[in-house]
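I've put the structures underneath this note.
In what comes next, subunit A is part of two complexes: it sits with subunit B in the first one and with subunit C in the second one.
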Partner chain A sequence: MSVQLDARPPVAAVPPVRPDRTIRLSRIDTKWSPYLYIAPFFLLFAIFGAYPLAYTLWVSLHDWDLLGSNPAFVGAENYTRLLADPDFWHSVVNTLGIFVISTVPQLLAALWLANMLNRQLRARTGWRMAVLVPNVTSTAAVAIVFGVLFGREFGMINWLLDLVGLDGVDWKSNRVASWVAISTMVDWRWTGYNALIFLAAMQAIPRDLYESAAIDGANRARQFWSITVPLLRPTIIFAVIISTIGGLQLFTEPRLFHSGTNAIRGGPMRESQTVTMYMFENAFAPYYNFGYGSAVAWLLFLLIAVVAAVNVLIIRRLGGGAGKGDPR
Partner chain B sequence: MSRLWRASPLTYGALVVATFLSIFPIWWMFVVASRSSDAMGQLPPPVTPGGNLGANISRLFANTDAYFLAGLINSAIVATTVTVSVVLFSTLAGFAFAKLRFRGRNAMLMVIIATMMVPTQLGVIPLYLLMTKLNLNDRLPAVILPALVTGFGVFMMRQYAGQAISDELIEAARVDGCHTARIYWNVVLPALRPAAAVLGLLTFMTTWNDFLWPYAVLNDPENPTVQLSLRALSDGYYQDMSQVFTGTAIATVPLLLVFVLFGRQIIGGIMEGAVKA
Partner chain C sequence: MGANTFRRRAAVALVAATALLATTACGGGDAEEASDGPITLTVDVFGQFGYDELYKQYMADNPGVKIVERGTGSNLDEYSPKLTQWLAAGKGAGDVVAIEEGLLVEYKANPGNFVNLLDHGAADLKGNFLEWKWNAGLTADGKQLIGLGTDVGGMAMCYRKDLFAKAGLPTERDAVSKLWPTWQEYIAVGEKFTAAKTGASFLDGATNTFNTIVLQTAGNAQGYHYYDTSDNLVVDSNPAVRQAWDTTMDIIDSGLSGKYGSWSEEWVSAFKQAKFATIACPAWMTGVIEGNAGPAGKGQWDIADVPGDGGNWGGSFLAVPKQSKHQAEAIKLAKFLTSTEGQIGAFKAKGPLPSSPQALEDPAIADATNAYFSDAPVGKIFAAGAKSLKPVYMGPKNQAVRTEVENAVRTVDLGQRNPDQGWTDAVNNAKKAAAK
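Up next, the complex of A and B:
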């Protein structure tokens, strides 16, 4: 009888036989308690996630400082100023540079690593843990450690370069070199993680595809590019989007790669200041220029959306081309 | 099984190199943390631990620029609170989305998935204004409140609940007269335990690591999170690198400990999530 308490249409259509208090209460329960369970998420996200993001737009239209008692509406002035601000564009170029230098090798290395982890291995879990361990370290700690590894005088990287007869590089005040150093630490952290994501997708590929390809005479490399990569396309797109959202907001690594009072500028000549760092520099101590900082945030938001869309298009195009050779 | 998949010695060789690259920076962090400060100026750089760890630790905790102990305690408070909250609210909402029927369910689930794509970090300025208004600047609740729920957590629990809990089980509990809250507590939560544990571990590690927002809102040097203590150490006018590295090592130990104990589950969680995504 209490099967009727189920709110599913076929059962609920039957008129209740005994509409006593218990049944009414449980009807209320089944109807309304789901909303109660999802309410905390929506409530907290609305206050601390959605509202601040939307309100950023409002703040960006004002001349808004720390006192902020009566911020003046200035329309698009922050944006026009920003679009003519060389330091902003400098940070955009830095961010895109670091993003490209880090993401492309990272995803290729992750594919390669996943392909190796996908073989019959002794101590499977051990290898997986080994490639994932960089991902579970403290980002701030790693940024500081890499900052020292890439030191000019006594850094281990320059020492190694010296051993093989190359000149040391000034990793902190050469612009492109600082991008490479920061990309190295981003890749160190994320390659293993992405490899595991790709590995999971690879394991879902039926093995007889490879067997018939082998019978047709396709070697390992050919199988990898003609079967594995095309079938992994959705996962690769997912990884690219996640890397784009994360990579374009890069902050902790470049911030702590540098040290001292001007580290938020990413080096003496802003060599590796990312857009998020530029937002931070303007919005918080010492300037507290909230309006200008908010304009930076919104332009970064746009940049992320555009780059993510472009990336998906590129991957679609590339994957589509490779897919034509698919031996299925 | 097909011999296509056998690993060659070359595979093992490459994996050994990958493992070395993964572990070396962490190893080296502990090496420098256990030596005296002149280890930094040595070439070739030392790669074996020294005997100075104890002395470095006591100097670190006595350092009045870093407030390292306060940072550790604060980070533990923040990460624990956030973890409990995320697991609680995610299992509740995940259960509702996977197993309960209500109007607007699919639309709201889409909203949750969309929130995972939104760079909420870009909202830090209004968040800062909000915390100023609430008089929470420089205080831990300012760090805790925005982290109490994540779309990722809800989605993950929804996916797991969908496959781990059969509709019959919930039906049977209803027939026995259980109201929904009881079903959540007695049926759903125990069934979700493995996935909830992974979510808890991932949340703890992310929160422990969080840097940008605490950096923006906690400006009182005496009340930092551990990552902010590290920043203070690293930006210090006079840098004693063995002390800085002792700090980075201590800040990393809790994460490594979690990973050594539960690495298998964390890997399982990441890989399962990937297939469904």
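Up next, the complex of A and C:
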């Protein structure tokens, strides 16, 4: 270290060595510390996120029998076969169908619930905690209970339908009916969670905005649509993206909704088999074709990216009118 | 590099390492055992193998060994993917694992996952097993023995006496057996039963019955069903499959099916509520019925002969994965559980029919009755045909193909497809499955 210092022109040897060193160290510190602070996440992400992602891509380029040895490299063959596989597209339609049927009412209901909870209520904390209870319940328990409720012969829903003189529905082997049933359990579980996220964002909206709006004569509905919703836009986008990721990866609910032999098909004619279930069916029982299953996983990844992008665009456009002046 | 940074890095590494440890620990098993303490052997099963008493006896005789069974009562559909994952991961499988005969073919294609029992003195045991059962455990070249046979699935027909009485049918088992020497007569009885409007269906669902008929027809004909013995897919050209299909379609057409999907929640509820009167009943099914129908069904059920002639459905093997840390002890345990004594013990507990000729001849089996099934002489009913059982050959993608064909049966059963469409689906989807 001292060698370097000696090489300097000895003109102004006044500033002591110490401060100079400290400055350099502190410069290094300001420059690199932020990276170190976020490093733990990226390190863990590299191990548990990026590596599996890349490995899945690698596997998807092979004819890879789960138990076999020496998988053969087949290039894009799994993908070309998959794109021509009607069962795959069938599962994509199922997934999107369930996604739309569940997410749209879910977010609207969550918004409404959050708005209600944002008012002066008795035992407000109690209500707020109550909406989260379904989310704390184990998904498996929810799915099994709903699976029984929606039973063809011994289910409570069909019993109620019968009471009011309607024919029972075979919820498990009717395509649209099974989508509705599965959406019900998704909504039951996630509406309260999204409501709390919306509520948190709502509480960050300054009260005086509402006060001035009230002075201007805006009623509650007008306040909601003209103040609350536009200011919630970032939160809504967040909720939509999270719901998209969750909705398109839906697995536990539809899997446990069906029981018995071969439930992974989601009904005898794949009525409610989602993409993740199709992936599982191919990668594990009964096919054990890991390469093909990995290709499904990658296409699902792309599908989620596309749908999330479309959703963001739609939400931007919807909120666009009110949010134009917003500098954010 | 400052000391702080180093500490930070170390902390990160520590977090990552802990996370890794936590994940690998999930793989389970008994890796962290002290080498000098008693060893734990894990046995992976599905359904009911009836080994509890045998474990107790074995642990008493071998004080250094503790046995833990996993998967008791689970569905084969849940069990087999788990086992495959454990084998593929090289970690997590039990020391002794049960393998069902329909899945054994796929495991045999990759024999490196299992210990070759022939290297551990198993060859001497050959005489303890029915010949075809022994052979089924061998790889194609006959050089490696993967599994020792546990049980075979001799066939019968279980029925509810109370519902038969309600419908004005005979209830005594010999009289019931006489009602249906063939499947056509079984259908005729079913029509009579349905006409009596007891509020219950004649049978649980078409898939179980179809599987019984196809195994019986194929066993009695050329000895194979979906694949011929050269591993060609013959779903569309094998007359045995078509014949079983047509008989099943007659059953559906006559409105005999309760349409309960096998092993579904509804199926279990239907047992509890006595919603069907008969179910095709391989020996191991008696344990399933008892479990599903519960104590309330005791004495209501009885066992008659199966329509048609014999047949074998199911039966399993015990194997030792190479990943086991206690191979020698595991092999010893597997040998004990599949011994004549072990098979008799299992039969007494949960009803799986022995694959050992000595066990089948043993008075403990021949004179056995089952209290749950109105003291039916299960030993006589099942063991009688067991030694002359005609097994059915299973090809490489047997499980996937069987799934497709049964699924097609189910779509017709539920009225989603007509029999012709169903058959087309069965053939096309089976071809697709076999090619995957």
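Basically, the second predicted complex is superposed on the first by the 271 of 328 C-alpha atoms of A that agree within 3 Å, B and C clash if a C-alpha of one lies under 4 Å from a C-alpha of the other, contacts with A are read in each partner's own complex, and residues count from 1 in each chain.
Definition applied: a contact is a pair of C-beta atoms (placed from the backbone, for glycine too) under 8 Å apart; a residue touches a chain by one contact, two chains touch by 3 or more.
These numbers come from a predicted model, not from an experiment.
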| item | value |
| --- | --- |
| Partner chain(s) touched by A:A285 [first = subunit B, second = subunit C, both, neither] | both |
| Which superposed partner A:R119 touches (first subunit B, second subunit C, both, neither) | first |
| Which superposed partner A:R265 touches (first subunit B, second subunit C, both, neither) | second |
| Partner chain in contact with A:L199 - subunit B first, subunit C second, else both or neither | first |
| Touching partner for A:F251 - first (subunit B), second (subunit C), both, neither | first |
| Subunit B versus subunit C as contact partner of A:P40, first or second or both or neither | both |
| Partner chain(s) touched by A:F146 [first = subunit B, second = subunit C, both, neither] | first |
| Touching partner for A:V133 - first (subunit B), second (subunit C), both, neither | first |
| Greater residue coverage of subunit A in the superposed arrangement, subunit B or subunit C | B |
| A:S226 touches, of subunit B and subunit C: first, second, both or neither? | neither |
| Shared subunit A contacts, counted only where both subunit B and subunit C touch the same residue | 25, 29, 40, 44, 47-48, 68, 144, 147-148, 154, 259-261, 263, 284-285, 290 |
| Residues on subunit A engaged by subunit C in the complex (per definition of touch) | 25, 29, 36, 39-40, 43-44, 47-48, 65-69, 144, 147-148, 151-154, 170, 173, 258-265, 268-269, 282, 284-290, 292 |
| Interfacial residue positions of subunit B with respect to subunit A in the complex | 1-2, 4-7, 11-12, 14-15, 18-19, 21-23, 25-26, 28-29, 32, 40-45, 89-90, 92-93, 95-97, 100-102, 105, 108, 111-112, 115, 117-130, 145-146, 148-149, 151, 154, 171, 174-175, 177, 179-181, 184, 205, 208-209, 211-212, 215-216, 219, 226-227, 230-231, 234-235, 239, 241, 244-245, 247-249, 251-252, 255-256, 258-259, 263-264, 266-267, 270-272, 274-275, 277 |
| Subunit B-touching residues of subunit A, taken from the complex the two chains share | 2-3, 5-8, 25-26, 29-31, 33-35, 37-38, 40-42, 44-45, 47-53, 55-56, 59, 68, 113, 116-121, 125, 127-134, 136-142, 144-149, 154, 156, 159, 188, 192-193, 196-197, 199-201, 204, 207, 210-211, 214, 235, 238, 241, 245, 249, 251-252, 255-256, 259-261, 263, 276, 279-280, 283-285, 290, 293-294, 297-298, 300-301, 304 |
| For the subunit C and subunit A complex, residues of the former touching the latter | 2, 5, 8-9, 11-12, 15-16, 19-20, 75, 77, 80-81, 84-85, 87-88, 106-107, 109-110, 112-113, 207, 259-267, 269-270, 273, 275, 397, 399-400, 403, 406-407, 410-411, 414, 416-417, 433, 436 |
